[in-house]
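Next up: the structures, one after another.
Two complexes come next, and they have one chain in common, subunit A, joined by subunit B in the first and subunit C in the second.
Up next, the complex of A and B:
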């Protein structure tokens, strides 16, 4: 994804497509860690990861609403939409790659990098964007070539760039910027949780409200653990797992004082990191399950695409898909891979391979 | 939600504080009153007999796991049993022989009818295991004596209570469709919609509607056309954007003092009773945690009210003696006294009466504990001609409501019918019993067993007939010093019989359901075991009737101290600073589960208490209360 400074509507659309990819790119690693937890164990950890994963789905939908509002067409089925893991994030952080791996301190450390606040150790470097050549391994959807791009230190900065672009375009175009069909907006009927609801985007104010919600839930507002609604940011949620304690109101960064968060790193399926179809023998149940997973996931993404493209009622059967996906996660993770030292299977998320090379 | 500390008030601190209001019981009644008063700035203490756990998702998950691993999947299976605050278990109900009381469980059953109803002594009370049906009572239910010459009239009319029903539907988060609720004289404010859209009808509902809608039934002198209608329920579904004049409704998700954003939308696990694995079902912990969030409400758990202390001259309550235990099973407790300006007993119809009687407070009407009511359930079950997808969705998404009232109530009781999505479980223990039969008796294995189960379980239909029971003074809760629990509290003694008025409708319902099964082309598999508890006979025909866990009537509401226990605000006639809140106040229960109605009553009670303690703070709706009591 070439992310230049947003100067026109096409640029905004590109950034928002990248944002949808970005939000989605967090979901396979979060779900892999989540479902690698043996059922009935690590309940606190399960809840923390689950809550973040669900909010990433909310963010994906909020970006979809924004893209629809400015006349774009969300599409989760384009080639390259699903990252190939290990993956660099589509907004261009360069110092780490994201793996699909079991629930472990390493996984949580990666999650902390994904959700890191903009000001964590970066604020003094002046300017938040590094402009340089595209890094290898980034998600490749929509790439137009090895050009100079913007790379962001944090997801929050990436969204700030989108907001700036939105402001500039709105100054030029006024409310005509919001030319999308309001009927395509996904409303609160289809999503709610303790962590805020869906916002239908129809004008600059609602667009900014959607962006603010994403940024606040991800990394927190500058220097705070809880946002205005008292909701704890993802970064600090994950940190609780490493620090072994819940944050509560009034706590300082890195010093939670709430109840204990017991973690049992051993009560986890020993799954292979970034498993690939080729890790599973042809004709084996693991291979079959992995293929079924990928085709189920492709159906799920196609259904979400329909929902974003004017048929929101498709979100209801998509819930059934998510149950199916969870079952397949477990079917894969409970079986060891032949020829490995006790490593178990895991979904491969090779969605494009399915299209290129159906078995 | 934040604020862990209010859950851990040391007993000595609680007993040393004089609160504005002390509430016994953390169930829906107590929680609603606490939330309303806490929001007005009044200092409230809520006392809970049970362990007071389940305020995090992790703790809740333990309850779910406890249920999964329990051999007996009874109503209280998910909740840790405590010897210091024991709970009734439905399996404790056994056939009574030779008029010998059954004291094997917490309840002492005197009979003659063995009632298998239960309640839960845990944080959130019995809403923890309720099914969350949230039907309103009908206007006729409030005027049984004047309309039908049966039972008692309420001191409140449906029309007067209707706005409070609306408030209760907001607090509980009810999914429903007003258009489906237009029968039996029910009225709604113009333009009213439920907070959330109706639960989608199941495939079974739609299959039944095809054959049943418009089916005409003659009851007494009147003919009714039956229709399958959606059942309003306090379960998170799709918020209705039209709610509250277009402002919409924001559902409350899973309860946790840590942030665990579970949206709690119904996923159709078909496990509403006794525990929803995803917290889609309302339970009173939601209201209780909101009450805590006001900063004005404390919770004192593991504390059982022992005696209501009364000033002999004024009749006013001077305190409530309580016993606080440390370990849920081990003997040993500390005793303390609750101190407050106003006291509220919200411990349910059985426990409220038990506590008052244990305190020798029988009331000037001598009606404390009397007029005990519950619904009598007649279960009928059959196999549909095709697989209907049993085991998906909430337990019930639709019912048949059209004969909930009519002139026939001069002669026999009202009835409504629920269509069960969960198969025969309630009646036969399905699907476990089906599995045992297919394996043991029919020797099926592998694919044949899977097919057999789908064919057997997937076609199951259970229709429950929920039958009204009217108040009778001989149906009662009492106490007996020979029956004490570990803390030395007298256990409730239940004396109950099923009146002919109700039995007549049981017989009618059996006849009608036979016709319904015929129309559906279903095989009727209903059998009643004469040796089962709850077996009764009427005009030569025998049935098993089951309890509904809808205990009511024990501190009945009325217009004067001579003939009732509380007034229309649930205030005791005898004790000026005491309210007895909950279904115990209800003079009739019609054919609605009691929770929604008692929630509406308790919101009025909260208004009355607020008006009494801080007239300046009270909301506008308060001022009308007392005038509604007919002279």
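Up next, the complex of A and C:
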């Protein structure tokens, strides 16, 4: 038996939980870079990052639908769901850590690694998956299994393993695999202002459609720049910011020939990378604001959990929370941190700490 | 000193007087992202000297946390003052509604300042960041949307 194969329903649930963690783990870094852009500047970069972040939220919801469909229980409030930054991604890519940092070439380079196509540098890695013992303390963003772990080179390969598992279990169990309550599915009416759409998962075909959408929007498993609807994959969208030029249909990889993408790396709040509560003086307004951010975020995750666990209508106020969270981001990022040379605050996303170490 | 250096030097005093004039904490004022811009706007229209003198008068007495004494100090030394009063009132309006109003003509005749002083909105975000909105507990109309269907719920306004 190979350790990285999904062979039973519990294994599928574990992988889908990890996939939700993975999709979520990308959101704090994307939003931190996005909202560090001073309003009214870098409008094209803002739109590019915003669109990708919204699609990651779509992916999170699609995986939630999948997990519900196969009888699992999505829960975004469990200890460890929110990564501690710098974080390794939960699919086991361990050659890079993800930071919550300001909009900068370094941030975009990390985003490129997150969204990298499955075949990039493949020769270097020498295979699709690597299975090895977990090095203790290195993987902070959640794991698939307790002892021996799968490590995937890319998110695309992680999802391919999920799809293979789904196929295997479906061959064994037939449609009985999709035993979840259809009323728990979050339907297309709850998603707007982003590419793609929500898919209610009730059978193998809709499950595969959901996985295909995630893969296509992400790094593009087929390694094409544009998908069949003309939507550009996340990897290439971000690459445009570093290369300073838009891709056009027919362009070769790494060689966009479209119009220039104007970027002003200086029109950005000088926030501290991976800010922690302990960076802010106890009792200061900044620390209070950071705590308020974390508790608002915890309420938001609880509301999403509620939506996934049978109350889809909770999605409307949860989306409202996201707009409010944007305001809280800005308020923190405009405050200088006492005792630093010109560094500003930022959300810390220490959600578990609210329970472990309440102030 | 360059204008930037002058203004960086005036910034702490500007935040302190703005907090007393508006009733919002310095943290909340900084959270609007408008502080440097508003200081620069006011200095450009009334001149650095008027701003510097007003901040000097404001911090002349060490009042500490005594809000009643601060109220008296503000009324006597700032708001009733021929030079500082109109400027202080302009700052209140600027923070609340995000618009700089041209100083009265007799003020300019008496104290100088910029002959090109005019009513204007310092930046597109000045309107959305106006203190008026958190003060009345409403979202700025047409800005800071809260998403589909959220109009049916009470507004959620950030107030520090």
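By our rule, the second predicted complex is superposed on the first by the 334 of 359 C-alpha atoms of A that agree within 3 Å, B and C clash if a C-alpha of one lies under 4 Å from a C-alpha of the other, contacts with A are read in each partner's own complex, and residues count from 1 in each chain.
The rule is short, and it goes like this: contacts are C-beta pairs under 8 Å (C-beta built on N, C-alpha and C of every residue); 3 or more make two chains touch, one makes a residue touch a chain.
Please read all numbers here as calculations on a predicted model, not as lab measurements.
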Next item on the list: Please indicate which partner A:335 is in contact with in the superposed arrangement: first for subunit B, second for subunit C, both, or neither.
Entry: second
Checklist line | Contact breadth on subunit A, by residue count: subunit C or subunit B | finding: B
Next item on the list: Check whether A:192 is in contact with subunit B, with subunit C, with both or with neither, and answer first, second, both or neither.
Entry: both
Note to self: After the superposition on A, what does A:40 contact: first (subunit B), second (subunit C), both or neither?
What the structure shows: both
Next item on the list: May I ask you to decide whether A:249 touches subunit B, subunit C, both, or neither, giving the answer as first, second, both or neither?
Entry: first
Notebook entry, point to check: Which partner does A:267 reach: the first (subunit B), the second (subunit C), both, or neither?
Noted result: neither
Checklist line | Touched partner set for A:285, first subunit B, second subunit C, both or neither | finding: second
Notebook entry, point to check: With the two structures laid over each other on chain A, which partner does A:327 touch: subunit B (first), subunit C (second), both, or neither?
Noted result: second
Next item on the list: Determine, under the contact definition given at the top, whether A:302 touches first (subunit B), second (subunit C), both, or neither.
Entry: neither
Margin query: Quick check for you: in the superposed arrangement, does A:317 touch first (subunit B), second (subunit C), both or neither?
Written below: second
Check: Residue overlap on subunit A between the subunit B contact set and the subunit C contact set?
Finding: 40, 192, 319, 323
Check: Can you name the residues of subunit B that touch subunit A in the complex?
Finding: 2, 4, 56-58, 61-62, 65, 197, 236, 238-239, 241, 248, 250-251, 253-254, 256, 258-265, 267
Check: Can you list the subunit A residues touching subunit B in their complex?
Finding: 40, 43-44, 47-48, 50-51, 54-55, 187-195, 197, 230-232, 237, 246, 248-249, 258-259, 319, 323
Margin query: Using the touch definition from the top, list the residues of subunit A that touch subunit C in their complex.
Written below: 38-40, 192, 285-286, 289, 316-317, 319-320, 322-324, 327-328, 330-332, 334-336
Note to self: Touching residues of subunit C toward subunit A in the complex: what are they?
What the structure shows: 25-27, 30-33, 123-125, 144-150, 153, 156, 158, 160
